[in-house]
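Look for chain A in each of the two complexes below; its partner is chain B in the first and chain C in the second.
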Partner chain A sequence: MKLRLTLVLLAALHAFVVFAAFFAPYDYAEQHRDYPFAPPTRVHFTDAAGRFHLRPFVYGVTQDSPGGDYREDRGRRYPVEFFVHGRLFGAGAPGILFLWGSDGFGRDVFSRVLYGGQISLLTGLVAAFLSLSLGLLWGTLAGFYGGWVDRLLMRGAELFLALPWLYLLLAVRAFLPLHISTTQAFFLLVAIIGTVGWVRPARMIRGVVLSARERGFVLAARGFGASGQYLIRRHILPLTWSVVLTQATVLIPQYILAEVTLSFLGLGVGEPVPSWGNMLADARQYHTLIAHTWMLAPGLATVPLLLGYLTLADILLERSGPGY
Partner chain B sequence: MKYAARRFLHSLFLLAGVSVLSFLFADLAPGDFFSEMRLERGVAAGTVDALRARHGLDRPLPVRYAAWLGSMGRGEFGYSLAYNSAVGPLLRQRIPGTLLLTASATFLAWLMAIPLGIWNATRRGTWSDSIFKVTLAILLSIPELLSAVIFLAIAVETGWLPAGGMHAPGAESQAAADRFRDTLRHLVIPVGVLVLGMLPVLIRHVRGSVADCLDSPFALAARAHGIPRRRLLFGHVLPAALNPLISLFGFSLGTLLSASLLVEVLVGWPGLGPLFLEAIMARDFALVLGVVMSSTSLLITGNLVADLLLYRADPRIRT
Partner chain C sequence: MPADPLLRVRDLSKTYFRRRWLGPPRPTTAALSAVSFTLDRARTLAVIGASGSGKSTLARCLTQFETPTAGEILFEGRALSPLRRLDIQLIFQQPATSLNPRFTAAEIVEEPLVIQRRGTAVERRERAASALELTGIARAALGKRAHEFSGGERQRLAIARALVVEPKLLILDESFNGLDPWLAAQVAGLLSSLQERLGIAYILISHDLTLVAGLAHEIAVMEHGAIIEHAPTAALMSQPRHPQTRELIAAALALEGPRP
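And now, the complex of A and B:
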């Protein structure tokens, strides 16, 4: 029950982000220079006369003065249209529909959070894949063959763990070029985050492989003359899947946060491409945040996602029992 | 004693390994402090090379490493080109800030986590336990970044707490008591954020550890002997439950230092974090290296302390 609920939550969040081009009413770079820092648009069902409309609508908004408050202009009414221009919804032109308000350039925060999630989520997923592949490779080799491979792994792992991981992450980032394009920045982030975090999964997988190596059926297969390669592929690797899966649910949220942190500090993906980190950097000036609370949206968006992944990790850990 | 010496030697080896690796990595890195200069007009091609030669950046790697080790012996840790000063004094200014922040956060978090965890472990399966669990899960999903931003905004809006930094302007002229109170007020937000980040993890582990011991045969036997609940809990279960928590203390330090870096940058706390970020932005590798070494030393020292504590507390590892 709990598992199903968590999976549904995660699937829904991922769907929103992956199909951002459909769910978001605007493109992430689309600017509405007349509406900087517009508050979230209210969607109405009943008009001023109290009549109910099946099709929701929005009022036009006007600003008292540049930088001033926004007011709804009851005279102008724009219906909310569904399935227009290949998107789920949008306001009839020239009305605007900012579900979560707009930023300083008049860009729709809701759309940008959805698009920004693509960078943040993809970084997390790909980096976790990278980490786990490295961990699986090293962990299996070290655990299965032992000897100098094992000693090298354990010593190297200690070196990696001797640094607090954010310091390690930033240190690796420090030695790489600062001013790079968005695509480069993305691959750089994935590479850094992925390679910095391989140690823990590698150690865990090593532990599993060590115990798997002595299992009866593995010894039997070895007695029949099975080669090391065959043993790993056929008997050892299948035993590591549950650890790999659990580790994935632990690593992905951690790596999403790592991307958010790096981009927030200006060391990751930069404008105009949104990521939750660089969007949240806009909310860092507190006068901006106090006057425009909706700028916090990208930060709040991480909470359900993390909750989903952490709950999933808990469930998997409970299932695999103590010892992991 | 022999154990302590062995652990200490091991820590030194780790530090040496980290320094060699960082040096190698910095050497592989494209560009250095002067490479941005090359792009500017009005800087002759020879100037950059001359500058690099003057600061010894053109020497081979082993020579530079030896020179760095020598300067470490003098307490300088190399020369920061961005600050135009030795790295050592810069670090010594900042380390106390980080230490103050992380030490108070650790102290406070454990102070809260142990009673809450024990209380939680004794009432497993009740409805208050379920509510508590859900609260912890939600707290765990709030990144420090978000809580720090929110707390700061609230502090500024209400004026209850200072908005950042470590001292109010003009604090140097105040009396010692006032200065102390001023620092305390500045500590509230960063420490609060760190404690909120640590608390859910710590409570879970305390709860798990105490619950394991409560379920173990020795606790059952003690209960069968009619030992009162309170004495069972504090006299028998708690000391046994403490051992895994000491290891957790060591593990949690790395996470804490990482979180502290972020919080320091956010609230402008004069610790290692902001210095590190500035060093990265300026591509000042000597300073980066200095901060890396100091944070590593902090973590390794913390782990060493945890190891020695565990050695005292748990006779089973004395082999």
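And now, the complex of A and C:
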């Protein structure tokens, strides 16, 4: 039950992000220069006269002076339209509908959070996959073959742990040209995050393999003349799956956060493509905290996602039944 | 010239070394020293001894999990080789742990055949089923997973897996431990009927004389890596020559308690 709920939550979150083009009312780059830093638009069901409308609507907003406060203009009413232009909803022009407010260019934060999730989630997933593949390969070889293979591989891995990553990242950033394409930036992110984080899973997997190697059924199979390849494939790898799965559920949220950190350092994807990281990097100014708090929405967006993944990790650990 | 016995062990020794950074490895334990005995087909030898007397090392040398330091093991007159390792099968101390809990009974029993790439999938399944039936487990249980079986059934699974490759010698290392007396008796009955039908020889390794005396044709008593007494069961039980043997027998009788 708990598992099903968690999976539904995660599936829903991922669906929102994957189908951002449908759920988001605006394109991520669409600017409304007349509405910089507009607060979240209120959606109404009852109008000024107190009449109830089945179709929700928004009022037009105006600014008293450039840079001043926004005010609802009760005279202009725009109904919320559903399934227009291939999108789930939107306000009838020239009304605007910023569910989570807008940024300095008048871009819809809600839409950008959905689109930005594509980069953030994909980074998390691909980097976790990279880390776990490396960790699985490294840990299995070290744990299974033991001896000098083990020592060589694990000392090498520990060298990775000892690297001063923050400085290395800054050096990488300084080495690269000022502007790199989104695709390049994405692969750079994945490569950096994935290679920073693979040692811990490798060590855990090595531990599992090391103990699995001495299990009775592995010895028995060895006694029947089984090759190393057979033993790893049939007996040992299946024993590592629970570790790999739980590591994945731990690493993915961790890497989503890592993307945020790296974007903050300028290693992420560049404008105008959004990611949760570079959106939060935008929100680091003082005025955000005192006046435009909705700019922190991408930070909030990570919360249900992280909770979902970590709950899943918990459940998977609990479920590791006999012999797993 | 008489035919070779099934197994001839001559002056078998195994010494464990501790490796050092510099200099030659230092010998630490002599697990086996100059062990010699022979075993014929369809016979049962019990190897008795306290913990650390070298019984398990002997089993591991015979099944090629360990390489002896000195001496020779002749199986049907020829030295052991990896090619013929399947002829001598070992049932581990705790059979339950020697079965992969995720495997089904069929997968467990046919695993040796899969590893050796013998026969087709259908033939392997068939041989697994008949090996299971030999040990008294119904065909219907082929799809059950290892952890769903009871302790005694897992013992049978382990024996079935050893039988599927048609071994000539089966070594049971403390395999009766942890079974209740009733189950132990069942497994003992199974072993004797298999010996009758298939002519398999057994080496039963135990620290408890009472568990194996009923099955064994002859008994070897080990102490500190050497065989101190080796005689037919009846002779050894009635006229033990070595003090250690007398102690073992006395201990066994004391545990059994007074009989009405």
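As a working rule, the second predicted complex is superposed on the first by the 296 of 324 C-alpha atoms of A that agree within 3 Å, B and C clash if a C-alpha of one lies under 4 Å from a C-alpha of the other, contacts with A are read in each partner's own complex, and residues count from 1 in each chain.
Everything below uses one rule, namely that a residue touches a chain if its C-beta (ideal position, glycine included) is under 8 Å from a C-beta of that chain, and two chains touch if they have at least 3 such contacts.
Everything quoted here is computed from the prediction, not taken from an experiment.
Taking chain A as the reference chain, the count of touched residues is higher for B when chain B and chain C are set side by side. In the superposition on chain A, A:Tyr230 makes contact with chain C only, while chain B stays out of contact range. Once the two complexes are overlaid on the shared chain, A:Pro238 sits against chain C while remaining clear of chain B. After overlaying the two complexes on the shared chain, residue contacts for A:Ala220 are found with chain C alone; chain B is out of touch. Of the two partner chains placed around the shared chain by superposition, chain B is the only one that A:Arg284 touches, whereas chain C remains out of contact. Looking at the shared chain after the overlay, A:Met154 reaches neither chain B nor chain C. Touch criterion met: A:Gly299 reaches chain B, while chain C stays clear of it. Every residue of chain A that touches chain C in the complex is listed here, in rising order: 215-217, 219-226, 230, 235, 238, 322-324.
Listing the residues of chain A that touch chain B in their complex gives 155, 158-159, 161-167, 170-178, 257, 260-261, 264-267, 280, 283-284, 286-287, 289-290, 296, 299-300, 302-304, 306-307, 310-311, 314. Against chain A, in their complex, chain C makes its touches with residues 63-65, 82, 85-86, 89-90, 92, 94, 96-103, 111-112, 115-116, 146-147, 161, 165. Within the complex formed with chain A, the residues of chain B that make contact are 14-15, 17-18, 21-22, 25-26, 28-31, 137-138, 140-143, 145-146, 149-150, 152-153, 156-157, 163, 253-255, 257-259, 261-262, 265-266, 276-277, 279-281, 283, 285, 288, 291-292, 295-296, 298-300.
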